[in-house]
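Starting off with a structure, shown below.
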């Protein structure tokens, strides 16, 4: 491999968002025509690093970054993704950015169509020149050829199988004449096994033609089979930068997930809990981006059951499916009684409550006051906090009772606000999360689903939220199912932790299990001795 | 002035030319399309200088000819500024008189008096501004003042 | 996969067209009008209305739905005509001058409408409709109050007796039918306004050519997915404004052609119905809010106007009152628009559902791995 | 201080301009010798006449269905009610209440069908509502001709069949609310107490409804449908209830309007009745997805005072009848202002 100056090099890249450090002194290089695998848990900084490379506005808006990005030896800093494109760096996202009604050719040359100037151009400018369709088709076929795949240039994208859409998008990126670097973010996530294989060989073709590739994926076996070098990120730092030869999936998994902190001294109180509160068999949930294919597990009475796994693998789909917010199928039994799916009301009536991961979108009424937010579900489901007149014909909101309820939870959860009448949108992230918790607690549920409870809130609030969950579980015996992408958090509070990969439960581990086992499950590998539920 | 690259300069030149063409076209349309009303009048001179024609056939440009008797007034709608007027009195052996005249662009209506023309009195045509409603009322009031008796007498149907 | 000729799908796609076909097929014999009269009426009406309906094509292609704001273009055309009649310009010159005067007005109004519609993404159609009402107020302000007082108007014949403001009906006899009679051709009993047809043919060529330009391609891209177009670097906002400007200019020319055929102009009401008639015609022709083709325009104009010719007589024969026919005609046109909008929105949701179902895990797809 | 500034920004500059314009009209009136007391009578009359029609819009706005340009659906039900009541010869209070009684079942049925249709259709609801309204009005224009009405007071003289375009309510229940407990001061100031009380009663009832369990659920669906769904509320059912409610209040609204106006207007009269009501609601401070009782009262009062004051005051000031142009600019300008605001629900 020629070893003149590397095509791309990151030197000491550091970035923080409002004080929380996301990237710390990241440095690595990428040679011409080489494939680099970039791996790490979500939140490890992969997306932020790519945003830095592409000069996404979100970086400059939040105070820019320190360190330098070098392309062909010269320092570059792109103000927008369009500058990066002109410099020959293309990006393929996980969700397709293609025009459904256009053909393959039209998508590949989108907004860079080859034009034939006409008289109108002189008067009204470039955009009135006629499209040179034959030339466009030739360019498209060239790009497809470079990929080494069979694609019909005249087929409409809307009628294309998923794999072909992926190739069309890649063909569009390499269609630029000066393309030198291609970044692929989770390209195989939506592909079948065979389609993924074809994609990998296509990428090898491109590398052979001198195009460097950054391959971001959590399918470690694919990363190992295609990449020349692997860089592992954890908590914003490069923890491993090695050649790919001789590395096993288990090594990468442990680098990805391993904490330096030695937790051999930590005590995990393994509680013996009889009886089953919740049984789930062959659950499938159709939630965009979090598809659950076939999940079965059971939760013991009074247990805190954790569900972990990488983003997009379906862990968030489970609670949303059971609570009826997304189309779902399979059987769910609570204390032996089956719960009908696809009906949010049925789940609530059965005594289950849900704190959604989408705080602002689903969890809160931002324009209404706090007492509204907290009392709403209890009022609608259990008819509480209502004054009845004319013998039940008219039931009006009991403002006094709602205010008392709010004040009770403000004290209990230490919510910092000016009073029950304050608008929800005026609270901080942490306090908003506590309002969602209060809404669920107000229902006095037997089973409480909590989804990403500590995402996007400050460290102090995180501890408080977890304490409250533990308090409600230990003192009121509420069974809690907690879904989170923070493995450390799950290990600190849960009795058992299930890891979800590709819409299925890869395995269930006690919190005391070694970190690498968790890493293996996340990467879709089997763990040697599995702990049966 | 930053040095405009040739392509931009050429493009601006073309745009300027087209803008000019736009205006020129508008003016051309205006001039060639401008319509005028020709009022042909066959009234005798109240002071007796020239008589009204007993009967005549009059036509403007190639439009349909019309017959005129003493005291008649009729109009032709014409396009453009230069026009040809043909007057042929119906008296036996009378000569047809053909004259050419120009109507200024600004004028909406022009009054042509064939009685003055045949009698050789100049000017036989002059601009005519249609009296607006108020003016016409004022005119009639003035006429009433001059001969009050006659107005009372005439019981118009 | 070969396109199996599925009659059921064809019917479902063009439900509105089919309903109209059935009704007019039933009403034509009942009306007792002679075929020759109907065909002659249709020939003139195609010449009179087709251009206006075409002005709706571009905004639909750019994903902005039916541009009810085309009423602004109609107003620009009327202002052009007022100037042409005031200056006393005869015949086709008068029409051309009206268009030249109306052009800058239409461009400004179109640009303004584009800016407003860009601020009301997702509800362009109702905003365009209300914008039409609003600009009608501005139009009255200019034509009823400013013309004659601030804007000099030469000929008293067209101004109100109080000295300023244009009369309610403006006689267009100086330009009456000048385009239609320019190259009128008599074939058998029928008179065909060839000049108007040629102008419409030119417009069809322009649209076909425009669809193949880069700007046309950008509009198609934006019409399908604004997010993707933006990330590909297409200037979304600017292109939408250009689509509205072109639509407004075409509506201006269309209104001039419409009014020269009618022979007189209801100064303050002529533009009120243009948006409704053009939209009804286009939707009756089988177009939808996201896809409209040139054949849709012609089919729509023929079908809608066939109904407008025949229905009053049919009503008179059936119920003894022509008015019932007229009411039924109006009700049907409004219903056509409502039905087309509902079918479009309902089908968009159904397709989204179907697409989602494809991704279902569990039993449905059997699941990979 | 910034709470005031925040209130000003929320209320929006155009509304403040309109408010100042109305105040100027009232101050200017005496200087141009426009009788202030008769103007006030007109304002109160028109306020009572239109307030219920504006109130009818609130349920659908709160439930997130947007501005109800399909209000004529309710108005048609009201017309059916009043024409049938007259057909049965009901007079006085029995007539007015009979008309309401007859109108409500129609309104509920039309509202239900209209609601089911709107639920099937997401996006561009307002355009579809508008054209459904137009279709129903023009369709009923045929029915008015064909339905077997026989009461001489309503039917065309010569044909003996089909309703007249305007039917007088004299001798039936004309001005029944206006004259009830009417307060007369001086010879030309008359306060339509009955009608104003009726309007206040309906407004209070609607206000109470929005404090009820279903009312709260409806408001939640309007401001965040996902929140409502997660809270066990079926968004579609709430939207359907809001449409039915809006149509029923609309039917009652037209009956109040008719008795104060003195005539039943049919055929194409209700075609454009939705737009002034929507403009009034927006002038009162409502947005496309949030409207309160206060918005209704303030908005109707402001809008109707503009309509009554501009003809007299402006005409004598400028010697021209500009009032029609001003009405168009203000009412449609307000709707445009609301439609072009980003939906205020903070995401």
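The first chain written gets the first letter, and so on, giving A, B, C and D; residue counts start at 1 in each chain.
Everything below uses one rule, namely that a contact is a pair of C-beta atoms (placed from the backbone, for glycine too) under 8 Å apart; a residue touches a chain by one contact, two chains touch by 3 or more.
On a predicted model such as this, the values are computed, not experimentally measured, just so you know.
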Pair of chains ranked first by number of touching C-beta pairs: C-D
Maximum centroid distance from subunit D, chain identifier (CA atoms): B
Core chain by centroid distance, with centroids computed from Cα atoms only: C
Whole-Å gap separating subunit A and subunit D, where each centre is the average of the chain's CA atoms: 48
Distance between chain centroids, defined by C-alpha means - subunit C, subunit D (Å): 31
Rounded Å distance between subunit A and subunit B, as computed from the means of their C-alpha atoms: 84
Chains that touch, pairwise: A-B, A-C, A-D, B-C, C-D
For the subunit A and subunit B complex, residues of the former touching the latter: 122-123, 125
Residue numbers on subunit C that touch subunit A, as the complex places them: 209, 212-215, 217-218, 220-221, 224-225, 227-229, 231-234, 356-357, 359-364, 367-369
Interface residues, subunit C side, partner subunit D - complex: 65, 116, 119-120, 122-123, 125-127, 129-131, 133-134, 136-138, 140-141, 144-145, 289, 319, 321, 323-324, 327-328, 330-331, 334-335, 337-338, 341-342, 345-346, 348-349
Residue ranges of subunit D touching subunit A (in the complex, touch as defined): 208, 211-213, 216-217, 219-220, 223-224, 226-227, 229-234, 290, 344-347
Complex contacts: residues of subunit D adjacent to subunit C: 66, 69, 117, 120-124, 126-128, 130-132, 134-135, 138-139, 141-142, 145-146, 162, 267, 275, 320, 322, 324-325, 328-329, 332-333, 335-336, 339-340
